[in-house]
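Next come two complexes built around subunit A: one with subunit B, the other with subunit C.
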Partner chain A sequence: MAELNKKISVTIDNITVEVEPGTTILQAARLVGGDVTPPAMCYYSKLEGSGGKCRTCLVEVAAGSTADPRPMPKLVASCRTTVMDGMVVKNITSERVMDARNGVVEFLLINHPLDCPICDQAGECHLQDLSYEHGTAGTRYQFARRTFTREDIGPYIQLHMTRCILCYRCVMVGEQVAEQRVHGVVDRGDHAAISTFISKAIDNDFSGNMIDVCPVGALTDRTFRFKNRVWFTKPMDAHRNCENPKCCGKVTLWMRGEEVYRVTARKDPWGEVQSYDGKPGWICNTCRFEKKKASDWTVEGLTTISRHSVIGANKYEEMVMPQETIQKVMGGLEPRKLMNIHSISDVNDPDITLSELPGPAHSVDFDRANSINNQIPENPGDAERHNKQMINKTQG
Partner chain B sequence: MSKKLLLEKAHIEGIKSYPVYRREGGYVSVEKALKMKPEEIVEEVKVSGLRGRGGAGFPTGMKWSFLAKPEGVPRYLVCNADESEPGTFKDRYLMEFIPHLLIEGMIASSYALGCNSSYIYIRGEYHWIADILEEAIQEAKDNGWLGDNIQGSGFSCNVYVQRGAGAYICGEETALLESLEGKRGNPRIKPPFPAVKGLWDCPTVVNNVETIAAVVPIINQGGAAYASIGVGKSTGTKLISACGNINKPGVYEIDMTISVEEFIFSDTYCGGIPNGKRLKACIPGGSSVPILPANLLLTTAKGEKRMMNYESLADGGFATGTMMGSGGFIVLDEDQCIVKHTYTLARFYRHESCGQCSPCREGTGWMEKILWNIEQGKGKMSDIDLLWDIQRKIEGNTICPLGDAAAWPVAAAIRHFRDEFEWHVNNPDLCTLQNYGLAHYADPVYVPAT
Partner chain C sequence: MQPLTNRAQAVNRAPLTWWERIYLPAIIGGMAITLKHFFKKKPTINYPEKTRPFSPVFRGLHILNRDEQGRENCTACGLCAVACPAEAITMEAAERLPGEEHLYREEKYAARYEINMLRCIFCGLCEEACPKDAIYLSETFAPSDYQRKQFIYAKNDLLIPHPEKEPEAYKKALGNRAGKKRSEIG
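After this line comes the complex of A and B, so read on.
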């Protein structure tokens, strides 16, 4: 037994971490955290059999293990490859990986409508994050994009197949969480589509979790559609005693003022639902779609946000900044600086604490004349940023 | 004429029926195999040097020895008869004309691997061959070669025929297993490999029709005798299905010692190019392998004569060589347009991509559209570089080899025929009316040896 419990060490981008045998490279990288974690569009640790499809998590294995240090000839999907003792993995330090990932992002985007301005997922979309990180500014695709008609696949969910990246996550939710799968992938190749046999067929107590697992805006909440943008709503942790024994009752309320706009399951730093006592915290449709009053819930407080994303860019209280490992493994280089838009966009200004505002945010709240100029910076870092902003302002 | 092992008796009248097949020495290998230990048969196959005939050329004996043998878990043998590679029709010929050879090979192989249920997964389009096989299985059963306690040996085996539904991807072994289980034919992510976790999560061996049929002569003659045929690591005989611009298209059994030149031009085989045309290019192993221009096809980059075997065809890597593949030999004469040809292949792969992983799903469609533009004279010079970049980003980054199979033909066409692509871009009006022709790809005019 002692042999079985022995931890093994794996080196990812020169950072060594000890993990349990049977861990995948991606999970090991998530233990390290920060930039060395490969992005994952289709892998979902709470769904059995997920992963391996989107190819964004490809990594290079420079040495297979201590026993067999040969490198693997092809890039491997880190979400489905288990680590071996002494394995050396290259993610952001490998040009091959970055090149392949760049290609995958391009492939994912060529048929994506890029309708972020009217998409409900914008702001918390994994594909958006991924393309900011690894995509290019323009597209080389010169043909008509693939389109599908919108379809209501149940009383609460709308399917926008044009946006889908075929990650199969919702299919697995149908199989593993909702217990009865009435939708799936029809057709094949680039005309493959998620569909139900009969429209509006999905009617199951846990079907709403499909919306949570969807990495893009293909499955959206019909009760939230076009009601608000996610970055104008404030996420609050809340709970209630749900009658459904399988529902964990712990949710995030997306509020504006006193109004609950949307209810979702609580997410972990990787965009997956949080686990409680080792069980994924899926929530039932009653909690998600019916309980839209603040009085239905016991509000615990602000949600801790800790991701690089548009929501994370609004400075919320208790926001956990992701660990920056890129400088460490890139020999002091700061490639992220190039895309730091905080000081350019007023809306993303980190000096404006949205969560301190009593109600919804208005344009006047973003007015620098009222906010920054009248505030005295407290610590040296703020002062530096403040000065930079002032320079930008005068130049602009 | 080289030695024949598989198709030797294929033309005997009535060989499809059991009495004739038995009279001609059929099922002798099963009799012999049942007296041997299973490990001895695996050893014979290892000694024979038999390589998988489906395309990858992986040593069969080694594949068999990888089969996990946990206690109390059934093992399966699956015969891959989903022959969908454009240009390949060798298995069809074998199954159609001498079906009992496959059944015989299935029984002997099942015994060697300890499989009590074996499956033949046949492509749906071969519906009449499925009927032929089912008839042959029934005949074998009636004569005690299948079922319980075969010939009093205590070994029981049943062979089932499963029809596919017309998907190229189901020729990929894990997609085939998914389809066989009744699911959507999506390739699985490997590892685990089928030898550990295959059909219904049990250890499984998936072999091509020709590979399983080759087990019969290996048992009959012994592995060493089989290995003495052929050259180097290319042992035994190989079925080649020749098509395209040749005088005598058809299935030929070769012993891998002849040269490509002889194969195309000699009257024993393809019989040369019809209508006095000249050879422009050739895909020697089914549509997925790189296309080669005539000069590189007949002689390697080192200046040696290119032979019809695994090593010689692969000589020079993908830069100047190609692959044996599944043996679908497609010959193109001077009138063929490489751009249009590549477009046709790209269209095929787009249509057959399962849509599971993003590089293949999106990349194949993109390549098809660009190639259509170039073919129609609407292409830009940058499109050629873009094509190259797309294929580079598909290759090796997909779940299954279909991505590679879609990328290689495009890569090889651009690598060897770039000026033809450029001609299409530079002559948008002309390229829809006439072909680029032979240019400098041609071989020296072939003079038959006197």
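After this line comes the complex of A and C, so read on.
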């Protein structure tokens, strides 16, 4: 038995690590960390059976093992290949790998609409990062990109099928995390699309985790839709005592001032949901979609963000407010303010709370006269109903 | 100290001569120079009536662009705001409703878009960041005013005139900038 538990050593880009037998090359590379780790679009360590579809994690095996040091003839998917003792793996040091990865990215982008300016995932999108690293400036594709008729899959999740790369992660969440799977991939080949079974709404508990696992902007949070850009919101670690025993209750709040715009599970450095005591920290739909008030949460502090991420732009860890001297000197007399910005500016109107709208804001939500007449800020449900009326009016 | 330029001259502290002390020759010499300028070409122009041509890379007041059908280009992606070193740009996005397709080019648009001209330093980084050719800096000055509130420019102040409803005003506002790469302008 001692023989079986023996650690084996694997060399990845000239760095040797000792790992348990049965570890995949990708997991071993994650132990090394940094640039050595191959990117992964479909593999998700917390979802059983994921990986092997997108081919972005291809690596070159220069020597199979100590016993059989012959190189593997083709590049292998590192998320699905287990390591052998004495294996020598080349990732960024191999030109073949880089060339193949550039090709894979080109294929992934063939049908991708590249509508990052509109997409809510921009700024935390794995495909965006990958294209920056490996993509080309132009496309060689001369045919029409595939398009789909827009499908409504429920009040919480927004589906953009054109952006999907068919990684199947959300399907696995439906199977393994959510209580019942009501969606899947229908049709084949170029027509393959994520869809619900006969236009059902995805509203079963824990289905919101699909949003977190989606590597692109195909599944986004409808309660956050278009409300703000990711990099303007400030991520804060927070927790609450969730009644649901399966929900870990530890989340990242994406805040602006006191407003909670979005709630997501906490992410580890690989963009996956963080594990606590070996258990992935999935969060329930109540935590994600219903608790949009700072008072619902115990805020722990700032989330650590990678120094190179746009999410950290213009954010300061500590803010030291300069002391007001005028009040001290003038014996408590307050200085006369030259201008209240809200008297002129319509942006960030204190009467309109975007974060409390159930869906994306529409023109009617910004119409101040309208919003006062219809009491939209007080009752967010009204806005949605009002919008539906507007739609009916314009269509009819 | 070593002189920084070769134009340094030692001060002459010798007492004035008789010719210098009578003063008038120097005055007449000075007057002659002044008189000479009366007959030279004037370097100034009568500003509001006449204007000088702008440099092709002049960065003036911002304009929010529309496409040929008059739909707003801006999708409120926030890249201008994140690029802005003065944090002068703020915006709020909204989803386009069915029936509003003639107003906005994409499904998301800027419902509110404001530039604080008191903060703006006219660096042009917003123009460079824009992926939709939606904002560009025109060949106009931001007009001066006595009140601060006049300097918060909302979408109505920034939007280019409608190309179909007011084609002439649109063309004038467009200038020779929009839709062109920097290298093409010159």
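Everything that follows uses one rule, which is that the second predicted complex is superposed on the first by the 306 of 396 C-alpha atoms of A that agree within 3 Å, B and C clash if a C-alpha of one lies under 4 Å from a C-alpha of the other, contacts with A are read in each partner's own complex, and residues count from 1 in each chain.
FYI, contacts are C-beta pairs under 8 Å (C-beta built on N, C-alpha and C of every residue); 3 or more make two chains touch, one makes a residue touch a chain.
Just so it is clear, the model here is predicted, and its values are computed rather than measured.
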item: Partner chain(s) touched by A:R80 [first = subunit B, second = subunit C, both, neither]; value: first
item: Which of subunit B and subunit C A:N111 touches, first, second, both or neither; value: first
item: Subunit B versus subunit C as contact partner of A:V185, first or second or both or neither; value: first
item: Subunit B versus subunit C as contact partner of A:A122, first or second or both or neither; value: second
item: Partner chain in contact with A:K227 - subunit B first, subunit C second, else both or neither; value: second
item: Which of subunit B and subunit C A:A67 touches, first, second, both or neither; value: neither
item: Interface residues, subunit A side, partner subunit C - complex; value: 115-118, 122, 225-229, 231-232, 310, 313-314, 338-339, 341, 343-348, 354, 359-363, 365-366, 387, 390-391, 393-395
item: Complex interface listing, subunit B residues touching subunit A; value: 167, 169, 184, 189, 350-359, 361-366, 369, 386, 389-390, 392-394, 396-399
item: Of all residues in subunit C, those that touch subunit A in their complex; value: 75-79, 81-82, 87, 90-95, 97-100, 106-108, 111-114, 131-132, 148-149, 152, 154
item: Interfacial residue positions of subunit A with respect to subunit B in the complex; value: 51-56, 58, 74-75, 77, 80, 99-100, 102-104, 106-108, 110-111, 140-141, 143, 165-166, 168, 184-185, 187-192
